[in-house]
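These notes open a run of structures that come right after.
Both complexes shown next keep chain A, but they swap its partner, so chain B is in the first and chain C is in the second.
For the complex of A and B:
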């Protein structure tokens, strides 16, 4: 297993070069003037745009430009984001905690509901619960995130004023931003609110999280239900499941102990899909609910042609995905004895 | 098909040999959901084909894909005679947009699938056939494309190329080809070792001829199936880009674009949250039904073509 993980880790720099090369090539479609913002940390520098082009060799051969640009990226210097009015790296650091909070709250319901419903559906194949869960899965996959989002917003905010858009209400935000009243530990508002002992801010944050969490998890749970169901169906047909039944084990034990554990192995491999879905979903969900995370910033930057922000956003999400996949691989290797011991 | 012929029944005297076609017919007859998918998609095809009859463009229209204005009212107006689904902000007719939007959806889906499958075929067959360093290199390129979440890479590409439906097509093709390349390569790896390929080579056939005549016809099938099922998700992604303001221009008959026109009105007005329900419900329903149709159809095809699942159902 150590060899397996070591091999994966050795591949990381190669993936890094490839990913940056792809983004860099795309950026080459822009003129040197448009790319100048990638090399500044203060908008005032942009007044001397020709000097930037000369200094960073934007008119020199492409490979020299790439090496120079990569050097800056590795130092975390991604340029100036006009939409966020701050350097790209700082914008990522500012917006990411909100997105992290949103996805953390989404992960648990997805995993729990997805695996539970998927198993139930496979065990009671072609019965009511199976039909229900298949309908739920196919419906969830067919409802585009933004249609869902708008309908939920119409009912739960428009009609009932229950779950407002944004991340915090005005009053709560004033308190959170005031260092004398509120100490920031983790940048996750719900956690910080509890640490500060301010329950009303915690509840306020939850109210704002509710709709994005529901939207994101509905679509993603659907995928997980389908994967779990088909994997579980496959497993239930294996000989060792029949053996376990023949031994006289009660059905719940057969399913929970013998079948589900093995059925979950391919589910873990496919959790990379879940990760991709969440990252994609965050762009749309945050935009609809005006939730100040990294996805809304990325979408805004794309509309306003903020090239450094878009490039930085893409690199950062690729980074997340690559490490997410790595984690899934390690988990997979650790769970599957054929790899762990092999 | 090939897969079927290889399946030997355990008791030949009881076995009924069914063609894929017969299995498909049986599946559609037994499973109402699959049939519903088929009906939905046929319906949308008809809608796209008959668009000029169902919603004739105004006589002076330069581009039939631009929704006609019913005046210039800034507020959406509810359904009324002449505008059965109401009008959006700036008074675009929603009914017209939905009908012609079906054409847009098929155009986007078919073009993206065609372009990305073509790239996937070239890359996949070169990688799978020549193996070695070429394969290693091409597959690492595929990995790099797959290292980005699809929608986010598409957003980046459109942001750099500039908004517009053509650029959305390019972006989506760029995002979708790696999957097909990888799938086809895997199929080719198993086909290239077969005897008939060896025989062709022994008779002096060139690489290109072997790939085109002997390998592709025997390996391309899964790619075609998978790609046709991707139509739904491709159309949704394109709609999402239009919704974000990166795709079709304002007033273009594109479901995502029409839905984006509802954003400012979503919480209603004058104490009535549902005052403008029609601006999101009708175009949203079109998009949902289209995707639902493809997903249901896709499920059916997967079951029909996957022999492992077939016996059990």
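For the complex of A and C:
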């Protein structure tokens, strides 16, 4: 297992270089003036774009530009984002924690519910729970995210005033922004609230997380339920499952130990992609709920042709994907030893 | 069940839920009684009054900084002293008989938010800095023109022509007085000062790397980049509110009461202005009482507020000070790396940078716009069709002025003429832009797209919304080929419209690269004309020129309205205000 992980880790720099080459190649489609913004870290430098072009050789051979750009990227210098009005690296650090928090609260329910419901549905095929899970899956996937988002907002906020939009209420927000009253440790508001001993802010943040979490869970769990169900159905038809049953193993043991573990391979793939997808931000959900996440910033940057922000966001997303795939690879190997031997 | 019926299901569920909505309504207790929450779409461009030139930014600025004089209540023609202790008139001796020299006795005992006292020297510095800044297309011409007789501080080659000696002669301190000498008498001068004489502390500015007030460093601080200015995102004024935070992550600006204010401190302790792009979310926030005013609402969303308990709609507010929106063309577009130009050539997949320099193209666009549909759908009929650049109700407006109407045949005829017939033969592809979140301007862009694409299948229009500050930056860089934007008067005089819509140094022509020397001369001459009847005729002539040359075309003059919670007290309307003046407001 250790050798397997080490091999995968050794591949990471190569993948990283490939990703940077791809992004840099796409950047070459932009004018030198637009690319110059990649080298700006302080807005005052915007006054001297021509000097930046000369200084960084943006009119010199492409390979020299790549090496210089990569050097800066490795130092965490991704340029200036006009959309966020701050350096790209700082923008990522600013907006990502909100998305990470949303992802963490969303991902666990999705996985738990998706796998549980998908398994139950397959095991009890054509029974009530199966019909319910299929209906749930169809319902979750039938409506676009914005329909669910607006619907839930209208009901749970508009009508019942239960779960407001945003990340925090006004009172909590003012406290969190005041360094004399609130110390920021992780930028995850729920965690920081507990670390500060302010339970009411923790609960307030949970109230604000509720609707985005429910919306995303509704849509994403449906997919996971369907994949888990079909994978489980396929596995339950395998000879070794029949053998396990023939040996007289109890049904829960057959399902949980023998069938489900093997059925999880496609579920892990999907989960890894889902996790990375959530971390990259969920534009529609963040917009409807006025949730200050990275997805909305990334989408705005793209619409506004904010080249450094888009490049930085793409690089960040690619890194997330690489690490997400690495985690999935490790999980595969843990679940199915044949993978690491192959 | 059909797909449509499936889609109806959540709507039915929502309707049922809303039917059982608890009765919060009018009896609802005031939420956050000492904090005012305003929601809107779009962000803020800059908090430096010498640079900013948009209503969103000034909606914040004019609550933090104060001018020498201010509008008296809702009046546009009467003023009250603010940082000056008197409004100059010939009668009180503070305005010279030749109408050129204004003396402003500066109020004593006023302190900036950091506690330092405000002096006449700060006033002089602030005004001189404003003139020197003169960023391209910015507001400095408002005072440059009357004070120094200049429309720009730079010549055609970009060289600084502003003389330090002229600055110091025109604006100077004498004891506790500030004396401003105009090049020529200028009727609306006090109107301009009522919004454009904000005072910043000289020492703070210099400490933050801004102009030191000397001749030697003038060039460096002329036409600076937005973010390089000392007060771009920092504020230190004398006004009723202090900037507590520009929270970019939370997309909000928080103001806190200035408890050491020279007048009675404001009743509100805090003002939070939040950027909420989704209209449905803003509407629900106001209905829930989590917001006190929706500053981004358009008439398209107004039905959702009508009859809602706890919500007050104040309609039919006196207007006549805005032309909004108008459609602008950039005559020489910066197409480098600019996808809004498509291929950058007249090949059916794009446009060349000078595409709109042909008046036939511009007329084609103007005749292709369905004004009545826009008026009905965008404003629910609560607007009048614009007749030229000067808004209805303002001096210089001509009821008989010919104006564009929706005429597909004439649009087609103009497109056939354009570029010697090449436009019709090859077609084009261009992007029409608007500021994201403005659903009315978005509707206008869609109307333009639908109608132009219907004229010739080779005509392709994309539409795109950009966040406000980036929109302004792209406009300033001449990157927007066709764009929707509006104009709120800086002072109630037609010159403020003709200059910024037609004069080559005006805000829009400057970025459009539109220059017509005859128009420039006429704009300047009309501003200086003292005979009212002659002046009116000159504005009629300018309106004719506007129709003939089509540097842009105005669509409607809208009727203003406001939506806020019923518990908001003390709000009043002045058509000149760029936003909400929070000083007089309370909740309860």
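Just so we're on the same page, the second predicted complex is superposed on the first by the 326 of 342 C-alpha atoms of A that agree within 3 Å, B and C clash if a C-alpha of one lies under 4 Å from a C-alpha of the other, contacts with A are read in each partner's own complex, and residues count from 1 in each chain.
Everything that follows uses one rule, which is that contacts are C-beta pairs under 8 Å (C-beta built on N, C-alpha and C of every residue); 3 or more make two chains touch, one makes a residue touch a chain.
As the structure is a prediction and not an experimental result, all values here were calculated from the model.
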item: Superposed partners chain B and chain C on chain A - clash or fit; value: clash
item: First (chain B), second (chain C), both or neither touched by A:318; value: first
item: Touched partner set for A:283, first chain B, second chain C, both or neither; value: first
item: First, second, both or neither for A:305, with chain B first and chain C second; value: both
item: Which superposed partner A:85 touches (first chain B, second chain C, both, neither); value: second
item: Contacts of A:76 with chain B and chain C, given as first, second, both or neither; value: neither
item: Chain B versus chain C as contact partner of A:95, first or second or both or neither; value: second
item: Touching partner for A:33 - first (chain B), second (chain C), both, neither; value: second
item: Touched partner set for A:153, first chain B, second chain C, both or neither; value: both
item: Where chain A meets both chain C and chain B, residue numbers; value: 29-30, 142-143, 147, 150-151, 153-155, 157-160, 287-288, 303, 305
item: In the complex with chain A, residue positions of chain B that touch it; value: 33, 140-141, 143-145, 147-153, 155-163, 232, 236, 239-240, 243-246, 256, 259, 262-263, 266-268, 273-274, 277, 280-281, 284, 287-288, 291-292, 295-296, 299, 308-309, 312
item: Residues of chain C that touch chain A when the two form their complex; value: 6-7, 10-11, 13-14, 17-18, 20-22, 24, 32, 35, 37, 224-228, 232-233, 245, 247-251, 254, 270, 272, 274, 276-278, 280-281, 284-285, 287-288, 290, 336-337, 339, 436, 464-467, 469-470, 473-474
item: Interfacial residue positions of chain A with respect to chain C in the complex; value: 29-31, 33-34, 43-44, 46-47, 82-86, 94-95, 98, 142-143, 147-148, 150-151, 153-155, 157-161, 164-165, 167, 169-171, 173-174, 177, 287-290, 292, 300, 303-306
item: Contact set on chain A toward chain B in their complex; value: 14-15, 18-19, 21-23, 26-27, 29-30, 134-135, 138-139, 141-147, 150-151, 153-155, 157-160, 233-234, 237, 276, 279-280, 283-284, 287-288, 298-299, 301-303, 305, 307, 310-311, 313-314, 317-318, 321-322
